[in-house]
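Data first, discussion second: the structure below is written as structure tokens.
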Amino acid sequence: MMTLLLQTSVLDINYVAIWPMIILSISGIAVLLFGIAKDPVHRDMSMIGIVGFVLAGVATGRLWLPVKTVGQIRAFSNMVIIDHFSLYFFFIFIIIGLLTLLISASFLEAERLPVGEFYSLVMFAVVGMMLMAAAGHLVMIFLGLEIASISTYALAGYRRNDLRSNESAIKYFVLGSAATAFLLYGMALIYGATGSAELEGIRTAIIDNVNAATKQPVHTELLFLGAAMMLVGFSFKVSAVPFHLWTPDVYEGAPSSVTAFMATASKAAAFAAFLRVFVFCFVPGYGQGLHSAWTTSLETIAILTMIAGNIAALTQHNFKRMLAYSSIAHAGYALVGLIADDWQAVAFYLLTYSITNIGAFGLITYLAGRGDRETEIDDLAGLGFNNLGVSIAMLILLLSLAGIPLTAGFMGKFIVFKAAWQKGFHVAVIVAVVTSAVSVYYYLRPMVIMFFRELKVEPKRLPLPTGVLVTVVLSILGTFYLGVMPGRLFQAMENAKVSFVQSR
Amino acid sequence: MEKVLFLILAGISVAAAINVIFQRNTLYSAFSLIAVFGCLAALYVMLQAQLIAALQIIVYAGAIMVLFVFVIMLLNIRQEEEQKDRYHLYYLSLPIGVLLALEVYYGLSNIQDVSVPGAAVGNAESLGQGLFSTYLLPFEVTSILILLAIVGAVVLARKERDIPLEMLDALEAEQAKNKQSGKSEGKENN
Amino acid sequence: MVPLSWYLVLSAVLFTLGAVGLFVKRNIISIFMCIELMLNAVNLSLVAFSSFLKHLDGQLFVFMVMVVAAAEAGVGLALIISVFRNRESVDIDKLNLLKM
Amino acid sequence: MLSVIVFAPLVGAIVLGLFGRRLTEKIIAVIACSSVLVSTLAAFYAFWRLLSVKPAEDGVRRINETLFTWIAAGSFSVDFGFLLDPLSGVMILFVTGVGFLIHVFATGYMHGDSGFYRFFAYMNLFMFMMLVLVLGDNFLMMFVGWEGVGLCSYLLIGYYFLEKFAGDAAKKAFVVNRIGDFGLALGVMLIFLKFGNVSFVDKANMVSALSQAAKMPVEPFSGSILFAGGLTTIAALLFIGATGKSAQIPLFVWLPDAMAGPTPVSALIHAATMVTAGVYMIARTNAIFAKAPLALTIVAIVGALTAVVAATIGLAQWDIKKVLAYSTVSQLGYMFLACGAGAFAAGFFHVVTHAFFKALLFLGSGSVIHAMHHEQDMRRMGGLQKYLKTTFITMAIGTLAISGFPLLSGFFSKDEILWKVRSSPVLPGSLGTLLWLIGLATAAVTAIYMTRMMVVTFLGEERFRKASDTHGEHHEHEPHESPPVMTVPLVVLAFLSVVGGFVGIPEALAEKIVPHSLHGVTHSFYHFLDPVFIKLSTTPGNLTGALAADHGAELVSTLLSTLVALIAIGVGYAVFSKQPLLTMPKILENKYYVDELYDAVIVNPVKWTSKWILWKVMDVGIVDGTVNGLARLLGWFSIGIREFQVGFTRAYAIFLLIGALTVVGYFLYFGRL
């Protein structure tokens, strides 16, 4: 009993550290309440959502300097760790969440779907993702992941009457829950092996080779089994081959803006947790080769992911499906950064990818029309004639996804490949370079169809909704900013590297 | 004595779990699952986790499974679809299941028993202590989880007031037409 | 005293059965039940570790897992109802609109 | 200052892209041309400044301008900076100068086109990218430009997108270029791995990759070194990049098709500037190539083969632009031959003179096509000299220049190349002599097909009337000379084609024909560029290097090549003026045979494979529309992967479990140390 009391005395309630989450939760609830009111006004709800995200962004920004001086802030008995790593991911989630709100407004309105619930689900999902990125404890990763997942299940099936949306949600739900079960099993076994569920504790246990609870050596088989199970769970969440099969179906069926959210924020969150556990806890040189085991197996997975994602994308006719395969391929590239133990590279890559992708999906939301009925690549025919602006925007974003220089995509790939090459993952990097050369073929197809294909019969499209416009403009600006002068961001992340190392 | 009890409970739970899988009647599957949960609760008691055992009965068997059974009854699906499984995935169950079990067993096989000195943990008091101290944040976070689950469930299952897309299209076309005709009339007037 | 490994093995067997059920069952509700079975198997491991290590975290973890399972069940069953309304069926093999 | 050169066209491109649709043709033309003019003037100013800069330790004058640090990750940093040295200095002079003339010409040529603003937006964007390529002070910047010009080329080839072949040609160009780019990317990566940076110039705390390479020992001449990951490997990879962009065997196929674009595009991108990027890149990285004699030999052989193959194909073409396209490929082959022989300066000199006369010839052909209302078939031309006086005279000058007529620009550059190949210190054995003979033969063929083109187009019977009778839809009015905006650039380029060579008269020749006091001018090109190129060492077993100092032999060689050129021109004139059409097939039967053999050996099997093996075997409906044969091949694998994707959740679950089994199994059985 005494030990328990001692444990409770280290309780450190620090609301400042979790302000961004608190703000988002409160504004999520506020949007929900507005939505329940009679005759809810769209604009009001959008405003609340935007203000919520902006305030959360401000709160995150205000944490940056304190973290810089302290190195990291731990709160709630090590449940959350606020360091530059988590803040960086907070920014990604906030930006993506905000842009998701912006691109969703028009489709919700056009299809008369409930707005308040949608917004609040997005915001809660972002809270969950933040918890994942800032987790200092396995239970936080689990809860964050579930919050993010359950809201995306609901979002994927948001178009209740649409068979494809239903199907997408069910597939996502069934397979996602199964993967969560694997992840959870992995957590349980690692907890048993190391005697701690805190990331710090796990790390110490592995380094010292002492089970925190029993004071005996760490049980290797248990540890490996747990790590393997967790690897499976995370690989599913980042949609790496062979756990990727759900991705195209789910991405195709879900409403486009939800797909955008899943393809960017969910993936980034999964990577954040992946990094936290594998790079932070399973460090090289300890645990009887645990590090080499997970890097080699992830290297294989990354190679397979890049090959399968890119090649399968070649023959797609549906734009969303093509982008789904492309997102699988991109997960492969990010994994290449992950095996190089370089969180900066992965995080930067995810930022570039997310920024670009959200713009591309924003355009799809607009082009696909009501109910996402025109998502075939051929539906883009003649876009270059009747809407040069939109098609040039799409061109830029696709070029960035393909990794053409001067765009964010190139810079992200470059950083990741460089990191991996320096760590000696030559095969993976060569495969990455070859497959990204191949990827140009399928990104080329929409361009060809937009610019060099006859005009389709009905060129009638509604005016571009403001939200989509803003998103696309921001996304293109971001693409060029990150592609042309990422210097300051790199500098910031260089500094962050120091703080992350200190936290070890 | 304890070992015998364990073996009996384990046997029942495994048998019930197998029944969950191979039972064609969904309702019976659900009942078998409740049996598994019951056995697990008993095992938790053996592990001196009384509170968890109680929660297992109350939450799992009591709440969650009732929800399942309720939905099964609501949708009136007594039988699993009658026609045969076209894909014969049954046959895959054996190799995959055996392999997975073997692998996990290999991982767990040589685990030694540990005895950490100290009193057993798991009574309501210690759990409550933990829940409101170390686990305060996760505990709070679950409230968001539950809230969003409610929101999600309501959004997905609410009785529809959605308008089919085709109707929306037609509606819009009509509006546009009205607008246009209004415009042209206006022009004529001018 | 029952050894720890017994509990773990039982947990592994239940987990495997749940995993197998994922593809043996065709009824979506049954598949959900299999997922619940997998989660429970993990819970057994957690509780076993917790009481053998005399470490409270495992049981607190189980507490959270139960909450999650409840939430998941709520959303999942709502999804099923939504699907059933559109299709009059809960056979997962019939959900094959989205494919190559 | 350097940024002005680079960014002026970008400003033009952005303005035109954003507001062009609402502007009149006149304003668009002014914006487009003036942005390039600003760049041109800045380039001349910068060049003038460069002349007064004090040379660095290694004897090279440099102006370096760093805008900001582009990438700084750990010890690795890349600047967003520009470098002006003699090499890039010469390059920007003619890129901007010729570019400006072509822009002016295009305002006349594209007059009345519905996408006028789009065209010039792309053209300006191209200028920007090309200048980034040339002026970038590291491999990454060069790569940016490299990709950028490829993209613009793609957009411009497909400019007439309503015609299917234009779209196809654009795709082909893009895809073939990407294959080359891939080699370049790997090469740059290897450079980074080996030297730790990708810079061209030494910076404060960094010794550039090129200076490091310059200090390394020469690699041995053996087959295995090619895959050793050293300088030879790097050089070979870079050369793959060059073959893509500069249309060398085996990647030259895209260039003739690229003629689907508007003629000014062909002149600017596919003759004068972009396609020479490969030569520029090799000259820029001469420090690497000089240490890799095997790579140099490959370059020389590929260059010589390309030169002769393309020239023979050029003999059999009827489309006036296709003749010029093959001629371009062939001339590019010359440049690579020179580089491969270690005569980087001579190759680069040919880049410059070629830019003048080939731009001239293309613009002239554009003028002809304009006059003939977009007729490109020479069989429906003839006797045009009466109507198109200026065009005829200027094009005749261009033809003489490319054929190596004495004292015109092409004469000096080509002669220098041939002699340098003959006396090359790096080619093994007496390969230099063999390649020299091939070069000489190519020169003869070049003179013949160029004369043929001129004769068939401008002299003899006026066949276009007959053609218009049969065609019916053809207009009745006479061909007319183009407006001054089009002819003035022709005249300027003709002038440059005549005098351009005088800055680079070979030494042996200069002694005989130029007054002594002028020697400083006549050889200034080589003196100016000399410090950029590092000294070559003689490859063991080389038999030709000893000739280098023998001025007598050089004069004999010059005489020989002059003779060849004159005889070839005479033969061409004699043959084709008599029978421009009828005798063609008979005379060229053998050449046709070469052409078809070439088709049969390379093009048809590829087509056949892609059609029958890859395309028919695969489900046409599914893979239809993927980019080309390569994409089809990959598509075939793609279907294999898609078999998993049956659409059933349970199948996905099985794969999830199998994947989990594999990962867990790997961890447990193989993972532990």
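Details
Order of writing sets the chain letters: A, B, C and D. Residues in each chain are counted from 1.
Convention: contacts are C-beta pairs under 8 Å (C-beta built on N, C-alpha and C of every residue); 3 or more make two chains touch, one makes a residue touch a chain.
All figures in this text were calculated on a predicted structure; none of them were measured in a lab.
A count of C-beta contacts for the chain pairs A-D and A-C puts A-D on top. Chain D has its Cα centroid 43 Å from the Cα centroid of chain A. Between chain A and chain B, the centres computed from C-alpha atoms are 25 Å apart.
We define each chain's centre as the mean of its Cα atoms; on that basis chain B and chain C are separated by 6 Å. Contact with two or more other chains is made by residues 87, 89, 92, 96, 100, 103-104, 106-109, 111, 114, 116, 118-119, 126, 130, 134-135, 138, 142, 145, 148-149, 152-156, 160 of chain B. Shown for chain D are the residues in touch with two or more other chains, namely 642, 645, 647-651, 653-654, 656-658, 660, 664, 668.
Residue positions 8, 15, 18-19, 22-23, 26, 32, 48, 53-57, 60, 64, 68, 71-72, 75, 78-80, 82, 85, 92-93, 95-99 of chain C are each in touch with at least two other chains.
The touch graph of these protein chains is complete, with an edge between every pair of chains.
Contact residues of chain C toward chain A in the complex are 8, 15, 18-19, 22, 28, 31-32, 35, 38-39, 41-42, 45-46, 48-49, 53-58, 60-61, 64-65, 68, 71-72, 75-76, 78-80, 82-83, 85-87, 92, 95-99.
If you check the complex, the residues on chain B that touch chain A are 103-104, 106-112, 114, 116, 118-119, 126, 129-130, 133-138, 141-142, 144-145, 147-149, 151-156, 160, 162-165, 168-169. Residue ranges of chain C in contact with chain D, taken from their complex: 19, 22-23, 26, 92-93, 95-100. Listed in rising order, the residues of chain D touching chain A in the complex are 17, 21, 68-74, 76, 80, 140, 143-144, 147-148, 151, 155, 158, 161-162, 166-167, 170-171, 174-175, 178-179, 181-182, 185-186, 189, 192-193, 622-623, 625-627, 630-631, 634-635, 637-639, 641-642, 644-645, 647, 649, 651-653, 655-656, 658-660, 662-664, 666-668, 670-673.
Contact residues on chain A toward chain C in their complex (touch as defined above): 4, 138-139, 142-143, 146, 150, 153-154, 157, 160-161, 163-164, 166-171, 173-174, 177-178, 181, 184-185, 187-189, 191-192, 195-197, 211, 213-214, 248-250, 252-253.
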